[in-house]
Amino acid sequence: MGADNSTASADATTGDDALLAVDEVVKAFGGLVAVDGASFDVERESITGLIGPNGAGKSTLFNCITGVHGPESGSVRLNGDEIQGLSPTEVARCGVGRTFQTPKTFRGMTVRENLAFAATNQTGERALGPLLQSGTVRSEEHEVQTRVDETLEFLELDHLADDYGSALSGGQRKLLELGRVLMMDPEIILLDEPVAGVNPSLTDDLLRRLEELNDHGRTILFIEHDMDIVMQHCDRVVVMHNGTTLASGAPDIVQNDERVVEAYLGGYA
Amino acid sequence: MGLDTFLQAVVSGLIEGSVIAVGAVGLTLSYGVTRFINFAYGEFLTYGAYLTVFLAGGLFGVSLPLPAAAVVATVVVGALGVAVSRTFFEPISDRGALPLLITSIGVSFILRNLLQGWVGVDARQLPIPLLRRQDYFGLFRLTHLELGVIAASVVTMLTIHLLLQRTMLGKRMRATSGNRSLAKTAGIDTTSVIRQTWFLSAAAGALAGVLYAVLFSPFRPGVGFEYLIVIFAATLLGGIGRPYGAMLGAFCIGLAMNFGSTYLSANYTRAYAFLILVGVLLLKPEGIRGGEF
Amino acid sequence: MSETESDIETLRRFDDAMFSARGVETGYGDLQVLYGVDIDIQDDEIVLVFGPNGAGKSTLMRALFKQLPLWNGTIEIGGEDCSNLESNQMVTHGVAYVPQTSNVFPNLTVAENLDIGGIHADDVGRRHEMFELFPRLAERQSQAAATLSGGERQMLAMARALMPDPDVLLIDEPSAGLAPQLIEQTFEHVDQIRQAGTAVLMVEQNVTAALDVTDRAYVLDMGENRFEADADTIRNAQRVRDLYLGQ
Amino acid sequence: MEVDRRAFLRRTGGAATVTAIAGCTGDGDGDDDGDGGGGDNTTTGGDDSSLTIGVLLPFSGNYGWVGANVLPVVNMVVDEINEQGGIDGRQVSVVQGDTEASPDAAVSATDRLVNVENVDGVIGPTSITMSAVIDTLIENEVPVITPTAGTTSLDDRGGDYVFRTVSSDSLGGRAIAKAARDQQYNSLEDYERMALMVGNKEVFQSFKEPVRSSLKEFGGTVTTALDIRTGKASYSSEVQQMMESDPEICVLIASVEDSVKITEAGYQASYEGNWFVTQDQTNQDFLSQSENQVTNDVLGLNAAAYQSAQSAGRLDEFFEAITDYAGWDKGAKIFATNTYDAMNVMGLAMKQVAASSGDLTGPNVADAISTVATPPEETVTAYTAGASAIESGSDVDYEGLVGPINFDENGDIVAPFSIKIAQDGEWTEAGRLPPEAL
Amino acid sequence: MALLTGWAAFVVGVATIACIYGLLTLGLNVHYGYTGLLNFGHVAFFAAGAYAAAILTMPPPSTVTNASYTVGFNLPMPWGFPVSLAAATLVGGALAALIGATSIRLGTHYLAIATFALAGVFSDVLVNEAWLTNGSFGMNSVPKPGQAALGPDRWQLAYLAFSLLSLLAVYLLVERVLDAPFGRLLKGVRESEDAAKMLGKNTTLVKLKSFVIGGMIAGFAGGVYAHYIGSVVTAQFVPQVTFTVWAAMLLGGAASNTGAVVGAVLVMTFEESTRFITTVYDWMQATLPDALSGLLPAIFGPLPNNPSFIPSMRFVIVGLLFVLVVRYRAEGLLGDPAEIEALGEEEGSE
């Protein structure tokens, strides 16, 4: 796949500073090879877009990175440490936060509870915590709630704080899921189509927030179809097609790569 | 305990497996298209057995010969299955599997206790003569009735096999099981297919009840519910929703129960079925997930 | 996503269309996806629906086939109002549908898949016509559909839908996940289907290849009709390219 | 109005059940006509003036058959009492207390009978729930006669308030061992090697130790003692195991339905030895559910169908009466005779207290229970005769269907046992075992 | 004479048992209401607790008629009582841990069947291992703490008070624990295990904890039960208990602790009140005017003539309760509809 990667101008320079390094990952379901030797890096503090036509294997690759699927082969490294083979829980604890294409909102919990759930290292999450260390639990919970308030404000969901997850629209659920990931305070945020189904005004909001987060030093990798968005907001773009990474690099370079155009439009123009 | 004992355990296992198989196939058929585990299924066994006793025993003013009584009972219980589905399950069919599952527990309470309230808790049995086991090849011993049960079970399996493979109804059922929404897309009236499956499922349950009654009389109104877990075990072992797996699972469970009884302790007969079931669930928590046929 | 070019902004209405949907609105739960979409299909034409992801294309197909309830709007087939049919009844009204995924019965053999498709077929011999159209399926007829390759599945899905000899076939992304050489073949099949007398409405991302066989196309965006035009017009429209590559 | 009320009471067995009503509207018309006038002289008012008998037994669940067997017999005797004008001019009514064969249900059923219904006597309970309720019954001074609880755990807890008209399993077990060992009691042979198959419910387990220890005492050998799980589908493995120990006779202590399955399995497996069953199976139920070729020569233990009872035809009379009354399809159901005796003793004891102008309090009735059944007074065999005897001033000694019903200090009956042998679907007496022989 | 007479005595008894069922329902509610675990073997934890209490406090076998059990620790009563209850709680929790360790990873339906089956296995053990449990005889001399000192009636009242306090204490404890982030953790796992995993939560461990807590509560209920009835027999611990508790929880409202208690009280009240159907019938028959006296027999006459008719109809109604609550009021009386909406659904079933 070296040939593929060579087209991506930035690759050579990112190797050292890669926060997430995906190398030759293969995942098959029965006879169907969904991811077929995908390799790319995500630079620290970058916004990277993962694009490609339907069925290219983008979501499957996300699942491989986050431990949902055990890939057949290949490696996934975070900060140089192998995270392939860890369970989703462990991957998350390593600092990888992700959202789903269809948000998995806690529908029977309020927006506030959804967010508070995601805070890490809560003493109150131990069964005996509330009984034996009620002081600690209270003060931690106070802190968590403060962060929840901040997150709500940041996502402009404050007016929905006490609504149930089931009452939210699709776009609001996407936001909420992003909020949950933020509460986790991960090193890298993986977003699966964060704006699909979100109405346009919210979309702009959401993207603005992603950039804001990035400005504060967060690394973001997201799957997106909307080329406009990818071009405007990404530092780097990775293109997947038929389970492999076709190209990666700066948006304008990728955009004009003939093979990308062909993959994307099936030879259009 | 020599070879005799071993062979006898095998034979007993196969006989009981035959009964379980009929029950398990019925359960798995309905799971295949409805996608919930029906805790009321055991009542179909009970109703099948009781109805046969009543029909053969002249309770309704007629005394049918036993085979005829069994056939009538099977058909009537099949119809009961459709009625149960329409009354209790269809109205909430869009609510996911869990409400259906919980409802089925309620339905099993209702059916079982209605029967018990109506006919009492007296033990009943089929009017069949008692037979001594015949020696076969000097290896194992069987009664004609036991042979008959095995035969009936095999015929039932074969019938269900042919039905599923050769008839349009069977194909419709399999299609509905394989992909309900696509089945509708292909123009299948899935609602009616589901009802037909309920009929078959309940009828198979009733037949299993009759076979059970033939072998294991006398019985009381709790019989089906108590045997249900054994049928569950067979169904899950074979992969829920898969009729052929259910047949195989049934024989495994039948053998396990009888080997356990013979060589370990007869007091834990039911437990062997349970433990095998749980063991399989543990080893393959995902693998046995159903299941279309 | 601003104003549209004048040559393709018209949304023509075909009053004699044999399949005609007007003002289709639907969605999932509380979430509205389509906001009044119009689609017409005339005899013997191939109509393409495309647009960016999330535009509501697949949702439109499901709505047209009554897999989703219509919140608003009507569907007429041959002048008959079919807005209130169940999806299984659409088949008897001459409409067939090939979903994008899970479009074969994996547990049934190829032949049985076709039998299921033929439930409402008058002509039992039609299975052979399908085998002529898709010789590959004839070779595989006693295999379970689950064992087929992606391309073969797509053929089977189409063949199954064609069994009742529908007047119009709705296909959702026939080329999704197929190898490039198969994509071309797929569109050839679509063309053959039209030649055999079945109009086709397809959703496709592989726009260029699809346009080669298409007569007319609708562009959908954000759950609304954006453009409608003949294939040639679309092919040359810079706007379409922009919509995809975002310049 | 009064007539209707009485007819209703009679049909339902007093304040009994809706269920009983139903049955008798169907087949009880004949009885109704006969007694319209008979009831006119009695007034039945509120609860103050009626006596209540609680039937504390399982009516639902797997043991529901116990209640089903007992209740009609109680009702029949109560009818008889009421036809005689009740006790001290007070009608007797019957209240069901469903124990569901579960202790917690038994506790609330007992609380209800004792405290809400203020029952004057209790028929029941079974062995399973005895422990949970016996204290409450004794504390509230309720006279209890149980026709069903042979459990050895009651051996040292009876007396005063709790009596039983079923012999203690410890005595029964001893009798089985003795009868099996000695040909003079069983008419077949002196069995030496004996296997035990015991259901794993208290009612059966209660026999196990007595049989085992007595057999050793009488010089026999226990080849194997198998606990068997009740309610199983098939017992072929267990029977196989039993046969491997090669016994001459197998003592089978299990429910009728399990016994049917087990003896059948033995037959099918060509078991050569014999069976010995307990009171629970020595009845028509067992024989009519089995084929004759299976049950022929099976030995059964029974409380001696008290010779006089049998020779005087009282047993047959009773079976006929109860078959007719309850609409049963067969006469002798388990516990039917025990219940008949229990209820007659209860009725006579109350009558006795009333006649001696005592208050019908628990202690008085309980005292009377042992006296009305103890010789050497005038022997009576049914309530009606006993009641007139008492009214005419004599003391009575009730002699029952299961035995002479003489209670010892623990409230147990000491009765001769009868060893039955099954022949062609009938039980016939093979020998008789007097208590002294034990 | 007696302090408790008439209705009061009956009500005291029923109320005590209702408290015990209230405890059981609270335990099940942790499993199902909060965590979405389909536990169909609840009765096993109840039994484990009851037997633990019995084994600890039974007199030595040598002093009991026909004892088959070989261990009876005969803990002396005043201080033995709390020890016994603590042991019951622990044993209930331990059994839950054991069953949970094997089955908790299973999806909802499979968990339902596995728990149902394992409870069956456990009941077989109780029946067959007579050396420990005294087999089907049961443990019939479990001491009733304080009864000797207080006398039966006072003791009844005192034990009711104790049961009520226990219920209240467990209720408050459960509320406290579940109101904290731990409850939020359970609910999140209930709503979407996948999402919880992605947020770094060890969902298997969480489910196991939930299972153990519910098991401990049921075990505690078993201890309270054993010392109340004084007799622990296998016939008590049948699947029907599990389903009665389910009925109580569904009726009261899953995921509502108040609902659990209310549900238990209602179901017990209903079950016990059916004991009086015949009394009501008599009363009606006696008070109806002459002209109508044939009415009731005419209505009820065609009903079957067997004594188990009414008791059976009781469970028909319990069954109907399941059906109707699920269909028309899934959130029960006090549950929150928004919370129940997705309860217990398999992941990715949409």
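Note that the chains take the letters A, B, C, D and E in the order they are written out, and that residue 1 is the start of every chain.
One rule holds in what follows: a contact is a pair of C-beta atoms (placed from the backbone, for glycine too) under 8 Å apart; a residue touches a chain by one contact, two chains touch by 3 or more.
Values in this document were obtained by computation on a predicted structure and should not be read as measured data.
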* Go through the assembly and pull out the chains touching subunit B as well as subunit C. => none
* Chains shared as neighbours by subunit B and subunit D? -> E
* **Taking each chain's C-alpha mean as its centre, the one farthest from subunit E** => C
* To do: Count the C-beta pairs in contact for every pair of chains, then give the pair with the highest total.
  => D-E
* Between subunit A and subunit B, tell me the centre distance in angstrom, where each centre is the average of that chain's C-alpha atoms. => 48
* State, to the nearest whole Å, the distance from the C-alpha centre of subunit D to the C-alpha centre of subunit E. => 33
* Between subunit C and subunit D, what is the gap in Å from one C-alpha centre to the other? -> 79
* Structure fact -> dist(centroid_CA(subunit C), centroid_CA(subunit E)) in Å evaluates to 56
* So which stretches of subunit B touch two or more other chains? -> 116, 120-121, 267, 270
* **Contacts with two or more other chains, residues of subunit E listed in rising order** => 124, 127-128, 304, 306-312, 314-315, 343
* Asked: Could you list each pair of chains that touch, in label order?
  -> A-C, A-E, B-C, B-D, B-E, D-E
* Contact residues on subunit A for subunit C in the complex? -> 31-32, 53-55, 169-170, 193, 196-197, 200, 225-232, 242, 255, 261, 264-269
* **Partner subunit E, residues of subunit D touching it in the complex** => 1, 4-5, 8, 15-26, 59-61, 64, 67-68, 71, 95-98, 100-104, 107-109, 111-112, 114-118, 128, 131-132, 135-136, 139-140, 152-153, 155-156, 200-202, 204-206, 209, 227, 229, 327
* Structure fact -> Residue set of subunit C touching subunit B in the complex reads 65, 67, 86-92, 97, 99, 102-108, 112, 115-117, 119-120, 160-161, 164
* Taking the complex as given, what residues does subunit E use to touch subunit D? -> 2, 4-10, 12-14, 17, 20, 65-66, 68, 124, 127-128, 130, 135-138, 140-141, 152, 225, 229-233, 235-236, 238, 240, 272, 275-279, 281-282, 285-286, 290, 293, 297, 300-312, 314-315
* Residues of subunit E touching subunit A in the complex -> 173, 176-177, 179-182, 184-185, 187-188, 190-192, 194-203, 209, 213, 255, 336, 338-343, 350
